[in-house]
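Next come two complexes, and both contain subunit A; in the first it sits with subunit B, in the second with subunit C.
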Partner chain A sequence: MNGFENILSDLLVHSPALIVAIPLLGAFLTPFFGKVHNTARNTFVLIIVLLTSFFSFLLVHDILVNGNIHTYVFGGGSALTSGGFAVRILFQVDGLNAFMAIIATLFAIVGVIYSWSFMKEHTGLSKYYTLYLLMIAGIFGMVLTGDMFNFFVFLEITSIASCALIAFYTNKGKAVDAGFKYIVVSATGALFVLFAIAILYGQYNALNIAVLASNIQFSFLDRIALVLLISGLAMKAGIVPMHMWLPDAYGRAPSSVTLLLIVATQASLYGALRMIFTLFGGQLSRSVNEVGGIEINVNLLIGAVLVGLAILTIFVGVLMALKESDFKRMIGFAAVAEIGYMILAIGAALTIMFSVNDLETSRLALNGGIFHIFNDALDVGLLFLVAGAVYYATKETSLNRLGGLARNMKYTTVFFLIGLLAVAGMPPMNGFSSKLIIYQSTFLVNPILSIIAILCSILLLAVFVKVFYSAFLGPKQAKYEKVKEAPKSMLVAMAIVAGIILFIGLFPDIFISNVVEPATRALVNSGEYIQYIMGVI
Partner chain B sequence: MLDQLSQLLNSLTTNSGFWNPLVWGLAIIIAFLIIYILRGYGKKDYKKGTEQAKVFLSGNPEYEKEKMHVKSSNVYWGFMESLKWLYNVLDKMHTGNVSDYILWFVVIMGIFFIILGVI
Partner chain C sequence: MIYNIPYIAVVTLVLIGLYAVIMKRNLIKIVIGITLIESGVNLFLITLAYREDSVAPIYHGSGMRLMSLPVPHALTLTSIVIGVAVLALMLSLIIHIYKHYGTLDAKEIGRKEE
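For the complex of A and B:
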């Protein structure tokens, strides 16, 4: 028994590196298995993803249950070289990283299971799975690393793999066009992130987030770096008006790829949160201006801008979704609106985070925002999987030409209904729990914010009622008479996501107290994160 | 075990209330039961396959079933017609041109620069 525990504890120590290394190695081995047989390749990819998930759950369990922070120094030994520089790459995993790792793990498994049937009619699947595993490795790297330049490298790995996967349907011009737009937008965003990293490195001789955070002075150059980091990552996160690539990319990519794109978008959002709350966390209470005798702090400025952008994001996302007639593009615009809800909660929390009377509200808003990151991934992800199943069965994405599919695709219809209710924030689904927290916390900040949020949720319900009516209800269509239900692997993938939606919807408190609150704590207590790393160094 | 079960059944508390989907679900089941009982008191003279069951379109003939489906772009037509001015603005924003995407990024970066006092 002791031997087994020793092995587990050894694996746990190395798990942060293995979570990235396994899919990375798997990606380059996939073409060899593809040469042997398609089933051998598919099985190999599934094994790689399950193995990665095992290490991910091992790590996440230890962090969430025991409250540990894990540090993995590449090259071994101390992170500090003999010259006193923190040049070694570190992976630093706390509650927030663990939270993001759960999303990435879940969607990696679901995506591969879904791909089995969804992609089987296509050629070039060895390349597809290679890129898919690269994308998974990139996402895990983004959410686990504690090094700024390393973050940029994984951001680029994710972007390049995503771009190729978005343009996977190379016979369709629009897919290639969407891939091109994505890489232009991603490269631009990443370039500005790199500028910011260079500015910080030039000043502080360090790339480690914790080391930088402990030294940062909020000088003129630091402020430039902050702006570049927020803007670059906000564009990658799809905040209005920098969202326009998102419906293009989400709409044209295969649905299994869209699933990972959602996680990649959220990994960028995570990056922005890490930069604001950890890297510049110590500077948020700094006063930058005085208006009418009232001090204006950094947190208030950033928070107010985020709230403004969030309202715009929700509004534009919902209104454009209402107008759209393409199934996947419509969900893409709805996904934009959902991102707005997360930003609204985080922005609202930032504006009041140093007000003694509102500490509870600030914490509540952050809980709501972080909880909604998970719920949004599940809800929007499920809707994209359903859209993929409909496309697989009918080869059609235009809602004007779809109709009456509930007769032939009963399970898919039920999954869509679950996704519809969840994304619109209808009780008792998971979306309701997180939106309820967002409504209540933003109401305490400013009632108008919550009124807008509720109104847009109603509009979001209207959007998906329209989809439900157009695609699934209505009279039988002669052209879809022979349409069959989606294959089993796709149904299993949708059932996994729908099951988690229902579970979190029915038992929200257990998820909040065990997963969301540790992430919120990690976000707010950046000092603990920095001190822990500095201690290790 | 009991602790885990009680944690599972915990209500989600917010600053001004609580949310327990299980209580809500129970309330819905009770409401459905009441509706079902009330339904039992309704008329029982419905006959399948008679004139009663035919579609009535203000005296107009019924189209083929396939043609009766309202297309997605016609749903909420009135709502979008009344907000045409807003949709015109949004359509102009969404050009599909990647240069415009980058332009918006520059605009937002400029706003951040001004607000954080860099410019």
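For the complex of A and C:
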């Protein structure tokens, strides 16, 4: 018994590295299994993902229950080299990282289960699964790392793998075009991030986020770095002026890939959060600029800009979704709107936190925003899975030609209904609980904001009720007479997501206090994150 | 002033690259723009590492002379490798796009159906 616990604690120590290493190695072993047999390869991928999930669960459990922060220095020893340079690569995992790791784990499992039948008619599956595992490894790396340059590397791994996957249907020109758009945006964004990293390194001789955060002066150059970081990551997160790639990429990629793309987008959003709150957090709260005798609060400015962008994002997303007639692209625009809600909550939190110094309300807003990251991934993910199932059964994505599918695809219809209610923020679903918190907190910033937010939610409901009516209800259509229900593995994947949506919707308190609160705490008390690594050094 | 020339070159390269990415409609030119941004950032990293009168950080035969910082060199190498991968991927996508549409004009491609 004692031996077993020893092994478990050893595994726990190494789990941050293993979570990234296992899918990375598994990715390049996949083609060998593909040579043997298709089922062998699929089973192997599933085992790899489950193994990763096991380590992820071990790590997340320890962090959320015991409130620890984990660090893993590659090569061992202390985080500083002998000359006092903080250039060693290390993973640092606190509540927020754990929160993101939960999302990534869940979607990795669901995605692989869904791919089992969804992709089985295609050729080139060994390459597909290799890229899929690479993307999973990249996402895990992004959300676990505590090193700026390492973050950039994983950002690029994720975008290269996902770009190739978006263009998986190379026989369709539009899919390749979407992949090209995505790689242009993400390569530019990643280069902005690298530029910012170089600026910070040039001043502080460090690449470690915690060490940088403890030294940062908020000089003129640092401000340029902050702008570059936020704009680079916002490009990848699909905030409005840079959202053009998102509906294309989401809409043209295979549904199983879209599922992971959503997580990759959230991971970029996590990067922006980490940079704003941890890297610059200590300085933002104190910095006041004097421009011609007028004092401007820098954080207030950032908050206001974010709120403005968020409102724009929500509006554009919803309005474009209203006029779209392609099933998957429409969900893509809805996803843009949903990202707007998270940014709205974060912007509201920044405005409140640093201007009025009302920590209680800003915590509430942050809770809402972070909670919504999880809910959005689930809701939009479920809708995309349903759209994929519809495509699988009918080979059709245009809403003008679909109709009467509820007769033949009972379960899929029910799942779509759940996703529809959740994404519109209707009461029994999870979307309601997080959106209510967002409305509540933005109301304190400005009532108009919450009115706009609620209005757009209602419009979103209108959009999807329209889809529900035109695709699933309506008269029987002769060409869909022989349409069959989606295969079992796809139903299982959808059922997992729908089950979690219902669970969180019914018991939001359990989830908020156990998972969301630690993440918010980690964001607000950036000192803990910084102190911990300085203590280790 | 003379020491600022690399930084001016960096900013110029990045701005030219951004101009090409945003304003140009030819896909190949967009790719060239991204490559220019990348070279600008790489040059920036290398410039950061250089100290006056320093030699490359190789012990053998360097005597006791000042060496430039090796970490940015490592970062630059990594960034170059990533850049090559991205470049190859973008060009291969362009080949596919050209096969489908017979044009490299971004506007025309947007107008065409499937």
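Keep in mind that, in the parts below, the second predicted complex is superposed on the first by the 526 of 537 C-alpha atoms of A that agree within 3 Å, B and C clash if a C-alpha of one lies under 4 Å from a C-alpha of the other, contacts with A are read in each partner's own complex, and residues count from 1 in each chain.
The working rule: a contact is a pair of C-beta atoms (placed from the backbone, for glycine too) under 8 Å apart; a residue touches a chain by one contact, two chains touch by 3 or more.
Keep in mind that this is a model prediction, so the values were computed, not measured.
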item: Touching partner for A:361 - first (subunit B), second (subunit C), both, neither; value: first
item: First (subunit B), second (subunit C), both or neither touched by A:444; value: first
item: Contacts of A:184 with subunit B and subunit C, given as first, second, both or neither; value: both
item: Partner chain in contact with A:477 - subunit B first, subunit C second, else both or neither; value: first
item: Which of subunit B and subunit C A:319 touches, first, second, both or neither; value: first
item: Which superposed partner A:36 touches (first subunit B, second subunit C, both, neither); value: neither
item: Partner chain(s) touched by A:235 [first = subunit B, second = subunit C, both, neither]; value: first
item: Which partner reaches more residues of subunit A (counting touched residues only), subunit B or subunit C; value: B
item: First (subunit B), second (subunit C), both or neither touched by A:223; value: first
item: Set intersection of subunit A contacts, subunit C complex versus subunit B complex; value: 180, 184, 188
item: Of subunit C, residues touching subunit A in the complex; value: 14, 18, 21, 27, 30, 34, 37-38, 41, 44-45, 48, 71-72, 75, 78-79, 82, 85-86, 89-90, 93-94, 96-97, 100-101, 109-110, 112, 114
item: Residue ranges of subunit B in contact with subunit A within the complex; value: 7-17, 19, 21-22, 24-25, 65-66, 68-73, 75-76, 79-80, 83, 86-87, 90, 93-94, 96, 98, 100-102, 104-105, 107-109, 111-113, 115-118
item: Parts of subunit A lying in touch with subunit C, wherever the complex brings them together; value: 85, 87, 149, 152-153, 156, 160, 163-164, 167, 170, 172-174, 176-177, 179-180, 183-184, 187-188, 191, 194-195, 198, 201-202, 207
item: Touching residues (chain side subunit A, partner subunit B) in the complex; value: 180-181, 184-185, 188-189, 192, 220, 223-224, 226-228, 230-231, 234-235, 239, 241-242, 244-245, 248, 288-289, 298, 301-302, 305, 309, 316, 319-320, 322-323, 325, 360-361, 364, 398-400, 402-404, 427-428, 432-433, 436-437, 440-441, 444, 462, 466-467, 469-470, 474-478, 505-510, 512-513
